[in-house]
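Next come two complexes built around chain A: one with chain B, the other with chain C.
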Partner chain A sequence: MTANAPAGAAGFLARYEGLKDHLPGARKPWLNTLRADAAAHFAARGFPTRRVEQWKYTDLGPIAQAHFAEPLTMVEGAIALPVPNAPHRAVFVDGRFRGDLSTLDGVPYRVLSLARDLAEAEPHLGALARPESEPLAALNTMLFEDGLFLDIPEGVEGGLLELVSIAVDPGRPFAFHPRHLIRLGAGASLTLIETATGRGQCLHNPVFEIAVAEGATLTHGRMLQEEATVFHLSTIYATIAAGGSYDNFTVAAGARLTRNEIHAALTGPKAACHMNGAQMAADGQHVDTTTALDHAAPDCASRQTYKTVLTGRSRGVFQGKIHVHQIAQRTDGYQMNQALLLSDEAEIDSKPQLEIYADDVKCSHGATVGALDADSLFYLRSRGIPEAEAKAMLVEAFLHEAVETVTDETLRGALTRALDNWWSRQGAAA
Partner chain B sequence: MLRIEGLTAEIDGKEILKGIDLEVPTGEVHAIMGPNGSGKSTLSYVLSGREGYEVTGGSATLNGVDVLAMEPEERAAAGLFLAFQYPVELPGVGNATFLRTALNALRRAKGESELDAMQFLKLARERMKALSMPEDMLKRGVNVGFSGGEKKRNEILQMALLQPSMAILDETDSGLDIDALKIVADGVNAMRGPGFSALVITHYQRLLDYIVPDRVHVLMQGRIVKSGGPELAKELEAQGYASVQAAA
Partner chain C sequence: MPAVTETIETVQSVTESTYKWGFETDIEMEFAPKGLNEEIVRFISAKKNEPDWLLEWRLRAFAAWKTMEEPRWAAVKYPPIDYQDAHYYAAPKTKPGPKSLDEVDPELLKTYAKLGIPLREQEILAGVEGAGSVPAEGRMPVAVDAVFDSVSVATSYKERLGKEGIIFCSISEAVQEHPELVKKYLGTVVPQADNFFAALNSAVFTDGSFVYIPKGVRCPMELSTYFRINAKSTGQFERTLIIADEGSYVSYLEGCTAPMRDENQLHAAVVELVALDDATIKYSTVQNWYPGDAEGKGGIYNFVTKRGACRGARSKISWTQVETGSAITWKYPSCILQGEDSVGEFYSVAITNNYQQADTGTKMFHIGPRTKSTIVSKGISAGHGQNTYRGLVRIGAKAKGARNFTQCDSLLIGDLCGAHTVPYIENRCVSAKVEHEATTSRIAEDQLFYCRQRGLTQEEAVGLIVNGFCREVLKELPMEFAVEAQKLLQISLEGSVG
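Let's look at the complex of A and B:
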């Protein structure tokens, strides 16, 4: 890294120019076109600034000024893996698939690596992502090297699969942009449990393209637990066809800056989407959940419940947009976001947004912001429970509510552990 | 024994308690009656340490120990218990977890060993049976979705588990039908004995038919204006507080 190498967007564009003949699929014209178009979009817009409405509360300045580089070589050898949450798991290190670390024997469908199986991905890659409107998706498309690729056939019960992402600190700022394609055929099902851990000066910029076909069910649990030096910017695009459902539960409990952005579209009648999560930040951290939900078909239901807990000098953001198209009669939409501020220096920005163009619609949203309830705290203490323990009980209760609708016990257990781990670390730091 | 001397307290600069003198000897149950706004609930909150109440003078000791200087949890460990007029709902906090945490916190404070889940459940089931409480109330969130009567029974259950030496019952009869009132009264009467005192705060005489007090005190405008035996409660019921005020 030389001192006068360009930073931020220009740096990434320069990396793309230098790497484009070596990136996976460099000899595939369709992919070259996709990447080149994305590069043009990224060159035109750069990193979003706070002047862009969807980025008003989250400042990417620190990323735009940093010199990140994509790791050029594969991390080899043994890596300390987190405790498994499921019998099968696909492991990615710095965004690259590591078959030798993965446990995939007996999985009732093929688990593919995007880099290895690009030819099969051609009809699907880029089908949902919108590099023209989301610069981070453009950056990802321009530079992705690998990702999880699942194409679960019609009617297959996929059971549980864990997607493990580990970032290994090379001792200098680095970035990786995994591209995950998850496709469920009609009536298929899968519970995907994702864990992200990592350390070092790192930008983790995954993009998911998720297609749930008629009557299929995808449960997607995410535990973002990277260290407080990491920038985590994820963008999920999901479409849910008639009678299908996509349930996303995200615990954002790490990273210096987290953006959890989800674009979901209900495209067929009686499709359902649940988006729930708990996001937590301590001193110096920033956490942002931004959802955009399109009700584009009649008789669909959506539920969103997000919880935010902030301590120290930290900042949280929730933006949730529900767009009910004219055709989407009898839409049943609900959105709730609740924030608990445990310090006077914490700040939450909350922006629910409903756009309704159909007339027969049930749609509600709500937001609460507050400190721990003094009456509740007094009630517990009056029973002899010491103040710190009483506070912990109330914070845990607040957070656990976010995951109590998760029906899969394995997933709920994993999410609950992630919540409790975060909270116990706060206790240790206090 | 609870001894209160010259206790004055205010909320937001407004004096509510204007010099309370009161003694509840060990083993006795006393009632405090008074009209709305006389300071009954303020007295219970000041004694249990709720924030927002400023003690401006006087003292309150439990078995010789100054309770006003203690944190709420220390007061509980010293043997004080407040049955709330409006028990708080705690969504997401399981009733069993809450009760066990409280019981073990007090046992820890006393240097006793903590109860494990099985030991606790055995004890809790026993106490709940005596209060005609359905067992599923242990599994629910604390007071969440409880009826008024269930909330008050849950207060008495906490008292039965925590075994305080001094209980303050703040309008425990409010919102109870006659069956629930009897159950609650039986719960309190079962605790009576040489190691237990209680201060029963009530607006109506009705509860005192079931929890017969050793003494009755009338609280008006922040002061105890009259004290007497259980017959005083009946007098008040018949003649109203105005008669006491006129005499005072």
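Let's look at the complex of A and C:
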């Protein structure tokens, strides 16, 4: 990469022009059209600036000015893998599927790679993502190379699967844009545990398109644990049909900048969606959780609980919108976001939002921001617990609430470990 | 048939024309030519015999306004406004000093009578000399400043207030009599180029009220301004400035009405409050501008900038608003909490019925240490109404120990309306505590059943529940106005439900 190459949005567009004949599916007209349309949207909008309402509190300036390049070659050979969280796992390195590192024997459905099995993906790819309104989805559509593709047949109990994403530092700024398609047939079920690790000057820009059919259940746990040099911008689109449920639990504990954006639509009666998460940031980090929940059918329920803990000079953002359509009578929607500030230099910005067009609804949201409760601290200390330990107990209790409702013990264990690891690292740094 | 449906049907049959203040007064008026340009700004300034500094001030505002764009971020929809198609000055032709009620222009007198302004004040409003010093029997006196289209027509109880050193007059009069105070404070809370509508107001404001409460004085009565838009094709651009000096207290009320017309009329006011050390300002609004008819035709565009600065330590500003009128409301009474231990409060009831739209809320800027704010907002949507709470709580890095509590509740009546909540919370201070709660629901069937079982009619039951829903806000209003406001709530919801 020469120093003269254009930065930011122009750089990505230039690389799309250069790579478009070599990207997976380059000979498929439907995919070329999809990519070209996305490129046009991205060219028109570029990276969102803080003047865009949804990006009011998160500045993509550092990304818009950097020179990223997509890695052109596959990373070969052995790679240190994180400790497994599930018996089966699909491993992606720099966004590309590595069958040799994956453990998929005995999985009761087919685990596909988007690059390899593109033909089967045609009816589903791009069905949910909105490149016209989300520039990051446009960037992903324009340049994605691979991703996990699951199409679990009706009634199949999928059990546990781990999705591992590893970014290997090539020694220069690089970007990858995995596209994951997760589809559950009627009555099917799956617990997906996602682990993201990575190092180096890296932009990880995944897009998920998740379709949960009638009566199906998807539990999606995410542990974002990349190093503090990585930019993690993920966008999830989920649609949940009648009687189906989608539960998302995210622990965002790494990266210089994390944006965890979820768009979920409840499209059939009695569908349910839980979105929970804990996001933590230490000195120099920025974490942002943005959710948009569409109640587009009657009798649906949604629950959201998000926790933020900030130390050092860091910034946390929570934006959550619940939109209740006129047809969505008897909606039950609840959202809670709570933030704990542990430093004088931290800042939290919170914007919960309700937009309601149906009258027979029960919707509420709550938000609290504050320091550790002095009374609780005093109570613990009066019982002989040293201050540091007392603080740790309170922070732990605060964070664990976000994953309390996870029923799968393996997943809950993994999420809890991710939370505790973060806090113990803070202790070591302090 | 569910009880609510029944109510909706019963009440929909009631005639819709329930706006009782929609008459027009036929009175000889003086207008500025239609349109908005520098000449008009100069015309208004000359008409008011203003000093040069104020004309310059207006012209700077006008220059800024020309470069600004109308805000589009609020959740309200309306066709483009033609700012050239209105009179920016309209005043009843004055006949100097009528000596008794018989001499007052009978039309003006009738207007006040119809609006229900108490008799004693009414005499004063019509400009009868000498009546102001006699307090009305058996009731708390309320001093009133009446603004009729572009000008203040009269102010009551001036003499009585003067004994305490309180200045309560129209802002035009204050410019002439107390220029040093006006110059010192005008535009210091809402700068000329603060936003599009504030800049417009700064350029063309024609009148409004001015209040100064001296050090240590507790204002002995409620001060009130009654705004009336009467003439066609006019806008009302009033400017209110209230200064509470150290250790003083004032409670101020404003009311507003307008005739029913098919055209939309613009009301773009600016209110600035300044509270110095230990001072308290309580500002209450019962906003009842013409809301338009049941099809959404006509009505006032109420685009208002209200802001108070708690400059002094331990000062307090409390906003209470009952918003029942206007086709569109765009209004965010705010508090800048600079002084240490200062307190900001915002209590609001906003009702949208038929095709009314309201985007309203508050901003609380916590700057000084230990500043506190409370926000209680109750939104009620009926018919096709759209009601948005939009608020900001910002805690600066130096606001150690700051505290905010926010509660926003929305009530939906009927399935064609909308209720939205858009709060922004920004906190940079570790020792601050911010809490926000919001709920949206409709009137529960069991509550209705309970009331009906005790012999209340459906409409009474809905009225009772709505009043209960708003109680936290209504109890903040001065008593007489609280009674008024309760009636107003019921009337506003007529034609859709109780």
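Just a few scattered comments:
Throughout what follows, the second predicted complex is superposed on the first by the 430 of 430 C-alpha atoms of A that agree within 3 Å, B and C clash if a C-alpha of one lies under 4 Å from a C-alpha of the other, contacts with A are read in each partner's own complex, and residues count from 1 in each chain.
Heads up, the rule we're going with is that a contact is a pair of C-beta atoms (placed from the backbone, for glycine too) under 8 Å apart; a residue touches a chain by one contact, two chains touch by 3 or more.
What you are looking at is a predicted structure, and each value in this text was computed from that prediction instead of being measured.
Contacts of A:341 after superposition: chain C is touched, whereas chain B is not reached. Once the two complexes are overlaid on the shared chain, A:34 sits clear of chain B and of chain C alike.
Contacts of A:351 after superposition: chain C is touched, whereas chain B is not reached. Set against each other, chain B and chain C touch different numbers of residues in chain A, with C touching more.
After overlaying the two complexes on the shared chain, residue contacts for A:368 are found with chain C alone; chain B is out of touch. By the touch criterion defined above, A:386 reaches chain B but does not reach chain C. Once the two complexes are laid over each other on the shared chain, residue contacts for A:175 go to neither chain B nor chain C.
By the touch criterion stated above, A:202 is placed in contact with neither chain B nor chain C. When the two complexes are laid over each other on chain A, chain A has no residue in contact with both chain B and chain C.
On chain A, the positions that touch chain C within their shared complex are 53, 326, 329, 339, 341-344, 346-371. Residue ranges on chain A touching chain B, taken from their complex, read 373-376, 378-387, 389-390, 393-394, 396-398, 400-401, 404.
Within the complex, the chain B residues that touch chain A are 48-51, 71-73, 75-77, 81-82, 84, 87-88, 90-93, 97-98, 101-102, 105-106, 109, 141, 158, 162. Against chain A, in their complex, chain C makes its touches with residues 73, 397, 410, 412-442.
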